[in-house]
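First the structure, then my questions, so here it is.
Lettered A, B and C in written order, each chain numbered from 1.
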Amino acid sequence: MTVLRLENVSRWYGNVVAVNGVSMTIGPGVTGLLGPNGAGKSTLIHMMGGFMAPSSGTVTLDGEPIWRNPGIYRRLGLVPEREAAYDFLTGRQFVVAMAKLFKLPDPGAAAARAIALVEMEYAQDRVIGKYSKGMKQRIKMASALVHDPPVLLLDEPFNGMDPRQRLQLMDLIRRMAAEGRTILFSSHILEEVERVAGHIEVIVAGRHAASGDFRAIRRLMSDRPHQFLVRSGDDRRLAAAIIADGSARAVELTDKGLRVEAVDFRRFTWLLPRLSREAGVRLWEVSPSDESLESVFAYLVAR
Amino acid sequence: MVTGTIHDIGYRHYEGRRLGRGYVLRSLYVHNLRAAWGLGRPARAKVMPFLLAAIMLLPAAGDVAVVAITKEHDLLWRYPAYATYLQVVIAIFLATQAPVLASRELRFHVVPLYFSRPVGPLDFVLAKMAAMVTALLALMATPVTVLYVGGLVNKVPDAGGHLLRYLGALVGCLLFALVLAAVGMVVAAFTPRRGFGVAAVIAVIMLSSVFVVTVQGIAEAETNFTFAGWMGLFTPFNLVDAVQVRLLGAERTAVAVPPAPLGGPVALALCAVLVLGSIAVLYRRFRKGADL
Amino acid sequence: MPIIAAQGLTMRFPGVTALDDLTFAVEPGVVGLVGANGAGKSTLIKILLGLLPASAGQARVLDLDVATQGGPIRERVGYMPEYECLPPDVSATEFVVHMARMSGLPPTVARERAADTLRHVGLYEERYRPMGGYSTGMRQRVKLAQALVHDPRLVFLDEPTNGLDPAGRDEMLDLIRRIGTEFGISVLVTSHLLGELERSCDHVVIIDGGRLLRSQPVAAFTAASGVLSVEVEEGRDALGHRLAAAGLTVRPEGRLLLVDVAGEHTYDLIRDAVVDLELALVRMEQRRHHIEEVFAAPQAPPPQAVPPQVERTW
């Protein structure tokens, strides 16, 4: 069980506070680190990867501090966002070099394994300068996997990938998580995060805004009524019945159906099918419109 | 009865005229000419060009003043010599402004935005060259004109001869502008990194000059004046002076010029090759830089 | 009349085929282009702009032949590049006016249209400041403005939401939709994000490894599948059994129950079962397909999938 723990971590550059008192625990499985541009995600990942020391607070892996602890690097793999400047090496040379850096007993075999894992065998003898963006990402991943680390940190890994490459990478991440690894990846593209991450951590302007399953987070936002779209056989009749009850604050008749703002989520979801049956109105569709990661995220950023 | 109106401020289509190639070329030319003088850009872009222009004028103004005071009409400098006397200032102007015209759009990848419009690479290059040539011409011709007018005002003798020499010097200025623009723009277009362009242009002009002068010195010490003369073709200011001396009847200002009868035509041909060659090179460079 | 029509379009570079026998036609509206890797996509745009002759095949843009009428095409088309292309020391207004004039607009018209276009894309006082200090969102807007200022009939937007955060992305997608509908200008958008394309496009063209994978309206990709997703706060399994007992085909998926629609009564059955079991109904909606499913089919990467890296000169 490899657990990354941040306790009250801050990082500043002069007056600019990139990370502000963040505490979080990252365990096995896939965790998505979300936040708007410039929120501090990259800084956090680099601190977790041992590339930067926190200005205050502690960053530990299984209890051991990460900064200036060479032994720990063997357990971490970091894939940074910036392009690595090794355009003149071939893919295989690059990964083998990384393997040698880690003083692995059989660098060639480890490299071959890592390259196979990211499905880059067909291009391993081509110079990295000639790779596409997606290919460069994958070879960087291979270099971060070559020493088989239990913890993998990925900074914006899907950047610039086309859909097929993205699906492949998502599969890869899921497979590695299934092996028991701890994987953290950052992104500001929510539709990617939604597919892979079971658990999210949200950073807004350097502060830790939320953590957990996004649906659970949504339930916690009691100050925001839940939005629903309801299509029925008789929208008006249903609207009147809904308003008569107290669980909805507003009901709007639109050409797409009824838009309901439910202040009491539990009551409304229990009530709606009941009201329809009593009124003899058929329900065609019940859709929560702000249950998505996107809405949750928008609400968190706006606080 | 009270009335009100809401006006439609939504998107409007444009069904009017779209002006053709001539207009676009002219606009591009004017835009680049303004950029060469720092107009239309922040204030600090204007400092160098205008400062250099002022420095160019000072000696001419000074000379005219001296002539006026001493009444020694021989002290009025020869018109074709001015550019060579002030070659350092002109070279600095070229070095600071050629990158503005030739490499900014390459550095910031703006070129594709032009070529995705009805602007072809040839028009693009021609407009820029013309703008650089005009800027250099203005830089050099103004002080020469000051000298000429100063001479007129001070009633120097042989007004007709002076006029002829003045016009000849203007042609010389045009040649200087063409050759320098050619060299400068090509060097700048291949050094888009910040600051490198300036250094590279200065290096090319000054180093070639130093190299040639050194070799000419050695040659003259060996009394090989012919060789010294032909060497002069390898640096821009000397090259154009060769044309001025051999084909425009000016007095020699450079160290040495190639001998008649071949010296003049060869020098002129070399100028033409430089200018046309640079247009071709720039054309290819911008086409490549337009990779979407 | 299709705004873009390609017939057997092929582009071969030494060692790699970037585009392979593409044939498709797109009606006016908002079209998404997806899947093509970097080289294939930019190659296609260059060919459609008439800047690069294809190795084989034909293409017509706005019913003009790309091989012979490149100039007229470029007069009527706008292009918004993916990468940074704005000089830092010039203001947005100046830049867009200059670009308008480069498209042949007379000076007064250029000024007026530049001002109007900048307003439409959402740039207000910022437009007078040098662009070096702009945020990514503002820069994308300026790039969009210069593509629209000369009133093109078609614009190519290359990854317009690149680098934007979710809010910015929403705004850009809304703007794109407006351009296609309100402004009456056809749009070709490229993107890697299929969710975006589903939201903003009428039609999607998918290119995979240089070959055409699909070209069809979005509605065809996202057709209803005849299956309902049902989500209840608790008691999913009890509901599942109840519905199965009532004769419906039910299977679980994650937190959801998927129920095949047997007829109109299916909806009532579900509603009534939920009420009878005293459950809370969170969701009951038609399950739609997604564009992404097209990619999920396993396909070995063909050797041509490696793009040529055109030598970078900058």
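As a working rule, a contact is a pair of C-beta atoms (placed from the backbone, for glycine too) under 8 Å apart; a residue touches a chain by one contact, two chains touch by 3 or more.
What you see is a predicted model; the values in this text were computed from it and never measured.
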Just say which it is for the chain contacts: an open line, a closed ring, a star, complete, or other.
-> line
Chain whose mean Cα position lies farthest from subunit B | A
Distance from the CA centroid of subunit B to that of subunit C, rounded to the nearest Å?
-> 47
Separation of subunit A from subunit C, taking each centre as the mean of its C-alpha atoms, in whole Å = 23
Using mean C-alpha positions as chain centres, tell me how far subunit A is from subunit B in Å, no decimals.
-> 57
Identify all positions of subunit C at which a residue touches two or more other chains, and write them in rising order.
-> none
In the complex formed with subunit C, which residues of subunit B make contact?
-> 10-14, 16-20, 23-24, 27-28, 31, 40-42, 45, 104-110, 112-119, 192, 285, 288-292
Subunit C contacts subunit A in the complex at 34-39, 136, 163, 165-167, 192-195, 208, 233, 264, 267-268, 271-272, 274-275, 278-286, 292, 295-296, 299, 301, 303, 306-307, 309
Residue ranges of subunit C in contact with subunit B within the complex = 42, 45-46, 49, 51, 71, 74-75, 77-79, 81, 83-90, 94, 98-99, 101-106, 109, 113, 116, 120, 130, 146, 150-151, 182-184, 310, 312-314
If you look only at subunit A, which of its residues touch subunit C in the complex?
-> 36-37, 119, 122-123, 126, 129-135, 160-164, 166-167, 188-191, 266, 269-270, 272-274, 276-277, 282-288, 291, 294, 297-298, 301
